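As written, the chain order gives the labels A, B, C and D, with residue 1 at the start of each chain.
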Amino acid sequence: MLRINNLEVVYNDIILVLRGISLEAPEAAIIAFLGSNGAGKSTTLRAISGLLPYEDGEITKGTIEYRGEAVHTFDPQRIVGLGITQVPEGRRVFAELTVEENIRVGAHTRRDGKEEFRRDYDRVLAYFPALSRRLRVQAGFVSGGEQQMLAIARAFMARPSLMMLDEPSLGLAPLLVTEIFDIIRKINAEERVSVLLVEQNALMALAIAEYGYIMENGKIVLDGPSHKLMENEDVKEFYLGMKSDKERKSFAEVKHYKRRKRWLS
Amino acid sequence: MNVIARSGLLIVALVVLLVLSAPAAKAEVGVTDDKILFGSFQDMSGPGAYLGKMCSLVLAAWKRWVNEDLGGIHGRKVDVVIEDNKYDPVLTKTAFTKLVDQHKVFALTAVYGSTPCQAIIEDIDKAKIPVFATAATTQTMFDPPRRYLFHYACSDQDNSIMMVDYIINDLKTKDPKIGICYQDDEWGKDALSGVELAGKKYGLAHTAAPYKRGEKNLNPQVMKLKAAGVTHCFFAGYAPVYAALLTEANKVGWKPIFFGDYVTVDPKTFMAGDLANGHFHFFNLGLRSEGVPGWKKMEEIFTKGGATEALDWPLAPLMWTPLLMLTKAMQDIGKDLTREKLIDTLQSYKDFDTAGLGKIEFGPNLRKGSHVYRVLQCDAAKKEFKPLTDWREPSLVWGKR
Amino acid sequence: MAVTRFCVRTYRQDLRILSSPAAKIGLILFLLVLLTLPLWARKYLVFVACISGVSVIGALGLNILTGMTGLISLGHAAFMGLGAYTAAILSAKAGWPMVPCLLSGAVMSAVMGAIVGVPTLRLKGLYLVVTTLAFQFIVQHVIYHWESLTQSDKGIKLATPAFLGLEFGSYDSFYYVILFCAVLVAVLTKNLAMSRTGRALVAVRDRDIAAEIIGVNLAKYKILAFVVSSFVAGLSGALYAYLLGLIAPDHFTFNQSILYVAMIIVGGMGTVLGSVLGAVFMVLLPEVISAVSGPLASAYPTLAPRIGGISVVVYGLVIILFLLFEPEGLFGIWIRLKRYFKTWPYTY
Amino acid sequence: MALQILLQLIVTGLAWGSVYALIALGFVLIFKATDIFNFAQPELMMLGAYLSFTLITALKLPFLPAFLVTLVLMTVISSLLEMMVIRPLVGEPVLAVIMVTLGLANVIRGMTGLIWGYEELQFPKPFSAQPIMLFGAAINQAEIFTILATALLLVVFFIFFKYSRAGLSMRATAEDTSTAFLMGINVKRVFTASWAIASVVATIAGVLLATFTYLEPIMGHAGLKALPALILGGMDSVVGAILGGLIIGVAENLAGFYLEQYLGGGINEITAYVIVLIVMMVRPYGLFGTKEIERV
């Protein structure tokens, strides 16, 4: 459904952030997109959403195709209209709008009438019962978990066929993270929405995803079905925090990994 | 784009250098073999821009008249440099320094504005440069008299004393309640002091309602005057504000007799429509509607000089009459024109013939050019002001109050 | 794009005021020109230089508050007015000599700065802007109406400035007083910017809550910024009063406040050099405009009524175009020029 | 008598306050959507008044059509201004943007002087000059219309922002531009629309002000009173802007009458600022403004 070919992104005319990445998100699948801070995951999402031109960024090479159509030159509102929504990093709910208004803003691009809106509105509240109790509260005053739910609910209101979540687990208690991931899986299964999940919490992400990509320094260094990735020694060591011999990892080994990484790609 | 911006800045810098370094050396200050250079500062974009426009027009007409119709003065043409002072005291100071030091003008002429003139009053003394004449309303312009500074405008102190005279002696009102609405600056305070002086003489109290320059909502002032039961109200300020005062008074149903100072003798007063009708004004100039020869000549000169707009302005002689006197003085002095001679000549004229434009007279120790006034009545239907009385002085003569 | 300074290798290097020998030579030449100005320039140019100098001091003062600490003020002219009136009243009524007058003007303004600074601690962004605006109008009103003290519209005439038996009555001589003060203030501001206090102020500007968390005493530094800024403003106002010889309420209006904000923006926010460049630029801009419009108005008098409007438009346009194409201000241009020549003939 | 004076002062104060309120409303509309403080707002008001003056006097249009045409013209002009001048600056420091709008104000003021001259002009009065008595207080018809227009706009905008899709998208954009993009909101169009709407409000204010005063190139000075009104109400509150305007209008009229003898003429001119200073001490975000929810 979504296909990125050899995408290269430059910020401020000098900073090369993405060095030619390719990835693919099929229909109704959950794809995990892993990598450390500054690897370029968020930039990839911003490129897909069409935000780069507003942030001094530029796609210098490569294409983004959505259902066979090249979309990387489209305005953000057109991309949302096509059915690609993003839940931004750090939730970014509209703090001064009420929860209800936030949900309504999510449906901004929809032109299919009040009844359809109403139906989705009820459905989204069914997914997030916690929100229905706080509809009249300013979004800035609800808890972090609720804000994350709100951000997902808001994105859902655009009736997406591809939902991109940027670190939904950031700053949340483990219990809440589990809850939110459950809901994501549910939405994916019931609504047949594809999910592109950017995460640092690789264990959780790979647990619900079918396929995963790992990114380093603006490049995809490894990809494969989740279960395979989870078995990969390097992934285990550096993303899942597990090491077979239970030793602490040392800096020297990291270097060693980097050398091998080059070989991998 | 940045290239444009940068090269633009470079040009700006170069222009500055060129302008500041351009030599303007002259042997004798402002007077050469073929030219006499005058300076003036006018407000071209600030709150007094309307006056600035009129004055520039009058000066242009004067220049054309002297140079072409009179063929210059003893073989010299006159020229006027005008600087924009935006009615701002600091810019006036800058403009003055520039006129004196850079353009090296012979004298200043046709300047106005209380605040701007106030800012350079010391500099005029220091530079020993004749200023003929200022139309500023402040009393400090002529009191104490300064050798180089001539003042030709109405004094609002005179005007407001005349108002009380007129109420008591001509209208023969018993027990009038006097009020005054004035712009809260030197100009208005001048008018207020007149009402106070006259009040002392006749034993009358008064109600004062100041408003700030630029204020358009006169409701509090009107309510104050109305609450005090004022029957006769003096106004010192600009004509549009006077019109606003009339409108507001009508709104709240307060109907006193109004007396406007000389600045309200202006077409803008008719913005109030019929409400302006029948009220009184004080004026020191001849009126165009009287058809006096002075005005006829102005009409002719102004039309030729492209200043027809200024003809609709009853205050035009305030700028024009001093220019006539200045021309005459320069002609009388002859080839050897100096600043000191100019001043001596200007103050020596008794009863200068303005052909009905109003009296102008100075003396060795007198820098106040106008002394006699007439009471006018406003005719809103014809949009005219008609003289009711002959020329007269206030009962408390200036200098002996 | 942020202006990046050139590489420095040691802290010592970073703390140096002049970063290269070329800068030293340039500065010495420049100072020489400044020092000899009244000897070769005409009186008008000296006068403009004096006005520029006063404006430079004023702009430096505002730069401490707005550029460095990020507290936007539209009441700067009011602080200058306080300084000017204090100096004028002490000079005219109490007969004090110049130096005490200048200092008490600055101190008076600084005290008011502290008083204004306290309530504004809680205010942010535009709420602060309008509160300083309120201060501006209230000071203007008081100056205008406290007639017994300020003589309102008539203004106050100052005594001829004198110091150690020397008279500074003419523009030529007073120029040196202004020059001295301007250089002193510039050097001190530069020093302040690089000191611990300066860094704390910048921290307050960039993220005040974060600054508080890392241990910057917000209240102290905000008030300090107000005090230092208004002290400098007061000094500049007092100098202004002496320069003009007579001050009236109209010298310190809202428009003046805006002019000062324009100076530091056009110059480049937060930098000492930027404030200096900006102040000089904004003083010279009307000169340039009138240099073009003046002769035009004299040559075509019927055009004169229109020229005022044109000059206002040009003034506005210059500001707009400047910020559209050069948001970093004159300082940004300066840095780029410098880099261009330094790296010439290589572009990167 | 004393009561009647008070009533009269309040009624006139309300009329003037409405003008301040409308100017403040224009400020709020642009600020809410774009986070930009448009200092050229009073000049837009003036421009609107001058344009409709020209349409009425030069093209001899009747008042209402002239007014409507002005609204269209102003919408176009302000949209163009936004696109050409303001948009390139989005993301630059607040102060730079403020300065640009101040520059813009200069340009508009200069142009007005250039085209229409500096003379005060009388606006053709669309309403009868005969005052109407209201509970013993006199009021001009133009003043009544001003108060009514303000009340109407208050209701319209309240509904617009609370319930309409466009209003909501404007609020969302105001808060977080890049997230607004992600919602599929056409942010550019929102920016332009907010300027267009603000210019409509400004035109209404300008024309009404001109009908009970007169035209002059410095009539934008009324905007200096709208600023405290705005801050008093809270920068981002439509209701606040309008109430702030009315409070300032009434308070200054009362101060002009009751306090003038103690505090000097022109006290009404600074009343607004004194009130703002006091309110700011108590509520640093205005009477109705939202306290910024701040996270480091």
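The rule we apply is simple: contacts are C-beta pairs under 8 Å (C-beta built on N, C-alpha and C of every residue); 3 or more make two chains touch, one makes a residue touch a chain.
This is a predicted model, so every value here is computed, not measured.
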Smallest number of contact steps required from chain A to reach chain B: 2
Chains touching both chain A and chain C: D
Between B-C and B-D, the pair with more C-beta contacts: B-C
Farthest-lying chain, centroid of Cα atoms versus that of chain C: A
Chain B and chain C: spacing of chain centres that average the CA atoms, whole Å: 36
Interchain centroid distance [CA atoms averaged], chain A/chain D, Å: 43
Whole-Å separation of chain centres (CA-atom averages), chain C against chain D: 32
Numbers and ranges of chain B residues touching at least 2 other chains: 45, 49, 52-53, 184
Shared-contact residues (touching 2 or more other chains) in chain D: 110, 113, 117-118, 264-266, 269
For chain A, residues contacting two or more additional chains: none
Interchain contacts (touch definition) - all pairs: A-D, B-C, B-D, C-D
In the complex, chain D residues that touch chain B: 1, 5, 8-9, 12-13, 16, 110, 113, 117-120, 122, 129, 131, 138-140, 213-214, 216-218, 221-222, 253-257, 260, 264-266, 268-269
Chain C-facing residues of chain D, complex: 31, 37, 85, 88-89, 92-96, 98-100, 102-114, 117-118, 224, 227-228, 230-231, 235, 263-267, 269-270, 273-274, 276-277, 280-281, 284-286, 292, 294, 296
In the complex, chain A residues that touch chain D: 49-51, 54-55, 75-77, 79-81, 85-86, 88, 92, 94-97, 101, 104-106, 108-109, 138, 140-141, 154-155, 158
Contact footprint of chain A on chain D as seen in their complex: 165, 168-169, 171-172, 175-187, 236, 290, 293
Residues of chain C touching chain B in the complex: 41-45, 47-48, 51, 144, 152-155, 157, 171, 244-246, 248, 250-251, 255, 284-288, 290-294, 297-298, 301-302, 304-305, 307-309, 311-312, 321-322, 325-326, 330, 333
